[in-house]
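The first chain written gets the first letter, and so on, giving A, B, C, D and E; residue counts start at 1 in each chain.
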Amino acid sequence: MRVVFKTSYDPDIDLHDHAWKRWGIALLLAVMAALPFLVGDYYLAEATNTLIWALAGMGLMVLVGHTGQVSLGHAAFLAIGAYTDAALMNIGWPFLLSFPVAGLVAGVFGAIIAVPAVRMSGIYLAIATLAVFVIVEEMVILLAPITGGIGGIFAPTIEIAGIGFDRYAALDNFYWLCLVVVALVTWGYANLMRSPTGRSFLAVRDSEVSARALGINVTRTRALAFGLSSGVTGLAGALMGHYIGFFNYELFSIFISINLLLVVTIGGLGFIPGAFLGAILITGVPQLISILRDSANATLGIDLGGIPGLDTMVFSLILIGFIIYEPTGLYGRWLKLRVWWELFPLARRDMFRRQKTYLKTERMR
Amino acid sequence: MSLLEVRNVETFYGAIMALRGVSIDVEEGEIVTILGANGAGKTTLMKTIAGLMDPEKGQITFDGTPITGLEPDRIVQKGLSLVPEGREVFPYLSVEENLRLGAYTRKGGHAEDLALVYSYFPILKERQRQAAGFLSGGQQQMLAIGRGLMARPRLMLLDEPSLGLSPLLTQEIFAIIARLNAEQGVTMLVVEQNAHIALVTAHKGYVLETGRIVMAGDAETLRNSEDIQEFYLGKSEAGQRGQKRWKRRKTWR
Amino acid sequence: MEIFQLLIGGLANGCIYGLVALGFVLIYKASEGVNFAQGDMMMLGAFVALGLGNSDQLGLPFGIAVIVAMVLMFGIGWGIERVVVRRIFGQPQFALVILTIALGFVLRFAAGSIWGYSPLVLETPFAGMNFRVGGVVIGMADILAIVVTLILTLGLWAFFAFTRIGLAAQAASQNQMAAYIVGVPVMRINALIWGLSGTVATVAGVLYAAKGAIDPNIGLLGIKAFAAAVIGGLGSLPGALLGGLLIGVVEPIAARYAPGELAQMSPYIIMLIVLVTRPGGLFAQIQAKKV
Amino acid sequence: MSLLAVEDLAIHFGGVKAVDGVSFEVEAGEVFAIIGPNGAGKSTIFNLISRLYEPTRGRIHFDGADITALKAHQIAPLGIARTFQNIELFDHSTVLDNLLMGRHIHRRTNFVQDILFLPKVRREEREHRRRVEEVIAFLELEHYRGKHIAGLPYGVRKVVEIGRALALGPKLILLDEPASGLSVEESQDVAFWIEDMRRDMGLTVLMVEHDMGLVTQVSDRVLAVANGRPLALGTAAEVQADPEVQAAYLGTGDAA
Amino acid sequence: QTPGVSDDEIKIGGGHDLSGIFAPFSVPAVAAAQAYFAKINAAGGVHGRKITYIVEDHGYQVPKAAQAANKLVNKDEVFAMLLSLGTPHNLAMFQLMGPQGVPNISPLTAARQMVEPLEPWKFGGTASYYEGVRATLEYLVDEEGAQKFCLMILPTDFGQEIEAAVNDIAEERGLEIGAEVSHKPDESDFTGALGKVKESGCDTVGLALGVSQMINAVATAHKLGMDDVRFVVSSAGFHTVVAKGLAAQGVMSGVYAGSGWQDLETRLDNPAVQEWVAEFKEATGEDYPSTGAVLGRSAAELLVRALEAAGPDLTRENFIAALENLNYRDEISGNTVTFSADDHEGADEVFVSRINNGSWELVKTVE
C-alpha cells in the first residue's frame, strides 16, 4: 500500500495523481509510437484497425458510459464522417481540414438529432437512433453523386505536406496519424471527464432530478454529449474509410453499431480505458481465434475451418463467458488485478467475491 | 431452542467486511431490537438473515433448520418476513397489488388480512388503486409494513419501520408491533433509530457497532446503561453537548 | 378494394412482428431485460417445427409437429435461463443485452449445424390456400396469423393481469429484492417466462415460415419486431401488438403509395414520429420518479 | 421583504389534492419548518418550489422575483438548493465528485475550454475544490471523501446530500427530512449544522421534518399542514399546542 | 520465393460469410471446394503440393473482410484468393491484393467490378448478373413478347446490375419501364409493391431479393391473381429451393432466371453430375448440392486445373498465364470455361431457365 500525502489540490485535478502513472502513459505512448519498427505489416495494420475502433468506442462511451444514453445507430455517424471526409477531399480540401470538419459535421448532426431525442431514454432512445440510422442509410444511397450510391466510393489518398499517409502505400505513416488522433482525443476526453462538463454528464446519467435541482440543463447536457459522441465517432468513421480504402453503405451496417456497443460494454462502461480494452477484444480476439484455428490445423491436423461459423460461435462463447465472469467489463477486471497487485501478498481471493445484487426498475427516473 | 439463531456470521461487500462475527438469538414470542450507529451493519445483518446476502462464514438457523445460503424466497416460505430499509415497494403496481403480493407465499384467501392492514392504515385503503410509486414517503413506508404483515410470518424483521413516519404513526406502528406480538405471538426483530420507543416496546436488545455486537441484554438493562442513554436516547448531558459540541467516546470501543 | 387487400396483408404481417414483439415484452415484463436473441428463438422455433414436420425429416403431422416444437422450445427457453441468464442475475441490464447478442450467434450456429445454411421450406397444410371475399384475396396463412396472434395476446395479457404468477413476474421486474422478500421465486419465474417466450417465438416462426423459406438468419426480423415492441411501449402486450400492426400496415401501404425511397423509410419515420411525440411509446410505461 | 413567498399554491394529481391552497412566507435568515402527517403534501411543496411539478394554481416568489414560470434547472442559479426525502445522489460517483457537481452553477468555462483543460479551468477547479473541502470539513465527511456513494450507509448519504446542497452556495436551502433514519446522536449533529448554516453562513433554511425534537430545537417558525391545507403557523411551541395538530400529527407525544 | 507456395503446400485464402446473411452461399461453396481439395490432396496434390484453403469468416461485415484480407495476405501470405464473397468485401480486399498482385479467382459475386476494369490478377467465374438478366430479358422479349418491365430490388450491387440490364434492354428495344420498387432485406410483405407493379401494367418484373423474399413475393403475386406477370431473377435467385418453395405455395411457372451455369436437378442422369452429388453427400451429409456448392466446386476445379497447367515451378506470373490459357468443359456446371489475356470471365455462356412444376428447366443457351 502506498501512502500519499497531498499538499495541494493539484494532484487530484491532474490527469495522473502520481508521477509514475504519468511515466507509465509516456512509456505506453513511446512503445506505441515505435510499433512500426517492432512488428510487421499484419500486426501494424491490426493495431491501426484497433486504434480506429477504440476511437469509435470512445465516441460511443461518452454517450453510453457517461450520460447513460444508448444508441443503436452509431454506424450512421461513422458513415457521415467517412462520406463527409471523402467528399471534401474529393473537391480538393486537404485532409487536415476535411478531417476535423467531418467530425464537426457528424457532431452537429448528432446534436441536432439529440434535441428531439433527449426526452427519450434507454431502449426508446436506442430504437429512435436505429431509425435515424436507417434513414441515414437511405440518404447515403440517395445522395449517389456524393456517396457513390450503392456502388460506393474509393477513399482519396491522404497527403500532408507532401508526405503520403495512404493506408496501403504508407501504412507506417497512416498508423502514426491514427495514433496521434487517438492520443489527442483520449487526452481531450480525459480532460473532459475531470472538468465540470464531464461531471454534468455523470450527473445526468445517475439522477436526472438531482441534476436539474443543481441547475444542470438536462436537455442541453444530453445534446452536448450526443454531439461530442457523434463527432468523435465521425472522426473514427473518416479514418475507417481511409483504412479500408473502399466503402459503400454496407460498410456501416447495424452490426457495426452492435459491435460498438460490445466494445463499450465489454470494455467497461464509463471508463475511457474500457474503450481500448473493448476494441482490442472485438478486433483482436476473432483474429486470435482464427490463428489458433489455423495452428490447430497445421500442428494437430484438426481442421476446425471445416465447421462453418465456428469462429464466430467461439467468439460468442467467449463473450458469454466474459459477461458471466465479469459483468462490469474488462476494465473492472483490470482494476481488481491492480488492487490485487498493490496489496500483494495480502489480497485474498474472496475479496473479489461478488455479493448478491438486485435490480430495480429503470422505468422511474 | 431459539426461533432464530445467528452464529458467528461474517458478511462482505467485496473486500469490505460489514459483519465481523455476529451472533444473536431471538426466542419465540419475543420482540428483540438492534441498535447501532450509522453504518454499523444493521441492514446488512437483516439482509443476511433474510437470505438477500450471502454470509462468508457462520450459520443461521430458523426454527431448528439451517437457512444459511438458501434462496430468499425459500426462507420467506418458512415463515420469516422482512420489511426492508428504504421501503422497496413495487412502484408500478397498485397499493392493493402490493399488499396481495405480501401474501404470495400463503395459500387461500387473505381478504381478512387485507382488511386488517387497511384498518391499521386507512390511507392505503383510500389509495388502493393508485400506483405505489407515487405515494408519499411515509405512505410507502406504511405500505411496506402492511405488505410484511400480509405474510403472517412467525418472525418479522423490521428495518427502521419508523423511517419517515409522523410521530403519531410511529407510535401506532410500535403499538401494532406490540399487539401482534402479544395477541398472535409473532416474534419481532426490529432495527430502529428511535431507540427510545424501540426499547420501550422490546423485551431484549443488542447493540451493533462496526459489525460487532458490543452489548446485549434485556430492554430494561439497556435503557439504564449510560452509553445507551448518551448515544441512543440522547438524554444526558444534552445541554453540555449543546454548548461545547464535545463528544464522549463510547466505552465499548 | 386494393386498400383492403393491403390492409389484410399488412395486418397479417404485422401480427408476425407483433408475435415476435410479444416475446420481447414477456421477458421485459418479467425482468426489464431485453432479449436480443428473440428473433433467433423465432428462427430456431421455425426450424424445430420444420425438423419435426417436414416429410423428408421426422415427418410428424403438421399440428403435432408444431405443438411438439412449442414444447421443445419452451424447454430451450427455460434452459437458456437456467444455464446462462441466471448467472448474471442482478447485473446491469446491459449484461443481458450482450449476453443475448452472443447467444443469438450460438443459436444461429446451432441451427446452421443441424439444418444447414441453405433456405428450407416448411411444409404446411395451408400453403397456397386462399379465399376470395369480394375483390380481396385472403390467405389461410393470413387468417391464421391474425387469429393466433389475437388469442395469444389476449391469453398472455390475462396471464399477467389476473394470475398470481403474472403479478409476481411484474413485481420481480420492478424490484427484484422486494419480490424475493415477499417470497416470489424470482429466478424460477424468470425461467418460466423464458420458456413461454420460446413458445411464443415458435408460433411466430411457424407463421413466418409459412410465407416463404427459412434460413438461420431470418432472426434479423427480430430487430424490426423489437422496434415494434418499443414503439408500442415496451412492457405492454397490447402495445406490442399495436406496434407490430402499425409497422406491418404502414409497410405495404407506403410501398404502394409513397414514392421510392420514402416507402422504405416509412416504418422508421413512423417510429421516430411516435417516439418524438410519445417518448415512452404508445402505451407509455415510463414516469418521472416521485421524489 | 421576505425571501421566499408562496401564495395560494395548489397542485392536484388526478383526484388527489396534494397541495390545496398553501401560503407562507420565509424571511431571510430564518429557519422555517413544515410539519404534517404523511401524505400531507410537504414534499410536494418542495417539488413545486424546485419547479419539478407544475402548480395547478398559485405563485412562488423568491428574492422579489416570480419564479413560477421558470424551468427546474433555472432554480438553482437563483440560490435555492435542496435535498430529497429518499436521497437522490449520483450513486456511481464518489462523495467528492457529488459535492463538486453541486458547484455546477458556478462554472464559468465552456466545454471546449474543458476539453482543452485551459489554465482557466484549472484555476476554477481549484476554487471549486477549496469550497467543497470547506463543506467536507463542516460536515465532517473527510473520512468518506473518496468513497463511492453506493457503498455508504444511509445516514452518511443523507449528510452527503446536505453537503451537495451546501456546495452550491445557496441563499435558501430546502431540507426534506434531513434527520430521518439518523440516530439521536446524528440528528443532534444535524441540529448543530442547521444552526451553523443560519448563523455562520447566513442561510435561510426551509425544512420538512418529523423529528419534533429537532424541529423545536432549530426552527423559528413552524407551519403545520394536513391534506394539502395549512393547519397552523407559529413557533414550534404554539404549533405543538394546537389540538388539531396534536390529533392529526403528534399523537400522545410518546415518540418524540 | 512465391508467397504461399512451399515444396509441399499451396496456401489459398478466402474471405467468406459463414455466419451472416449470405452464409447460404458461402457455406456450401466452402464445403464443396474443401471436399474437392481433399480429394486432390488425397491423390497427392498438384505437382506434389497439397492445397490448404484458409477460410476467414467476415460475417458480411466489411471491416472484418479487411481484417481477413490483412491476415490472409500479410500473415498467411496466401498464393491466391478463391471464392471470396460479397461485392464491397471483395473491393475492400482488392485494396490490399492489387498492389501485390494476389490473384482473385471466382469470387462469389457476379458483380462486373470483379473483372472490370481488367487487371492481370482479377478472374471472374461465370457470367455477371447483368449478362444473365440481359439474356433472359432478351429471350422474354423475343420469344414471349414481353412489353413492359417493372423492378423490385434490394439496394445492392446485384439489384443495381439487374436494374441496369432492364434499363438497357428497354432502351435498345424501345420498351417501356413501369414501377421501380426498392426493398429492404428484412421486408416480408410485398402486397404493396405488387400493387404498384399491377398498376403500372408490367408483364415482366426484374426481381432482386433474398431467396426467401423471392418466394414470398412471387407467391403473393400468385395469390393476388397476377399469374400473367413473369418474374426474372438473376443468378442469385437461380436456386433449387426457389423452385421447390414456390411449388409448395402452388406456383408452378412464370419465373425465369439467367445464369452462367445450369441447374443440377434436370441433369442428374449425367454420370459426372451423379458422381459428384454422391461425393458431396458423403462429404457434407447434405442430400443435394445447392447453388453455392456448384459454384464452389467449379471454382476449385478451375484453380486446380490452372495450378496443374502452371507446372511445378509455381509463380503468380505463370499461374496467371496458365489461367489465361484454360479452355475446358465443366460438366457439373454444364458450362464451358475459357479465359484469355483480355477475357477474365470464365464461363461466358448464359443459360436461361424457367420454373416448371417445381424444377428449373433450361429453355435457351446464349453464347
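In this section, a contact is a pair of C-beta atoms (placed from the backbone, for glycine too) under 8 Å apart; a residue touches a chain by one contact, two chains touch by 3 or more.
Keep in mind it's a predicted model, so treat the numbers as computed, not measured.
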Chain E and chain B - chains in contact with each: A, C
Centroid-based (C-alpha) most distant chain relative to chain A: B
Most distant chain from chain C, judged by the mean position of its C-alpha atoms: D
Centre distance in Å when chain A and chain D are each reduced to the mean of their C-alpha atoms: 40
Chain D and chain E, separation of their C-alpha mean positions in angstrom: 72
Chain centre separation in whole Å, for chain D relative to chain B (CA means): 28
Geometric centre distance via CA averages, chain C-chain B, whole Å: 44
Multi-chain contact sites of chain D, meaning residues that touch two or more partners: 43, 52, 84-86, 88
Contacts with 2+ other chains: residues of chain A: 141, 209, 308-309, 312-313, 356, 358, 361, 363-364
For chain B, residues contacting two or more additional chains: 13, 52, 91-92, 133-135
Set of all touching chain pairs, with the criterion as stated earlier: A-B, A-C, A-D, A-E, B-C, B-D, C-D, C-E
Interface residues, chain B side, partner chain D - complex: 13, 16, 37-40, 43, 85-87, 123, 130, 134-139, 141-142, 160, 162-172, 174, 193-197, 200, 231-234, 238, 241, 245
Contact footprint of chain C on chain B as seen in their complex: 50-52, 71-73, 76-77, 81-82, 84, 88-93, 97, 100-102, 104-105, 133-135, 147, 151
Interfacial residue positions of chain A with respect to chain B in the complex: 339, 350-356, 358, 361, 363-364
Contact footprint of chain C on chain A as seen in their complex: 116-117, 119-121, 123-124, 126-128, 130-132, 134-135, 138, 141-142, 209, 254, 258, 261-262, 265-266, 269, 307-310, 312-313, 315-317, 319-320, 323-324, 327, 356-365
Parts of chain D lying in touch with chain A, wherever the complex brings them together: 50, 52, 71-77, 81-82, 84, 88-93, 96-97, 100-105, 107, 109-111, 114-117, 121-122, 124-126, 128-130, 133, 164, 168
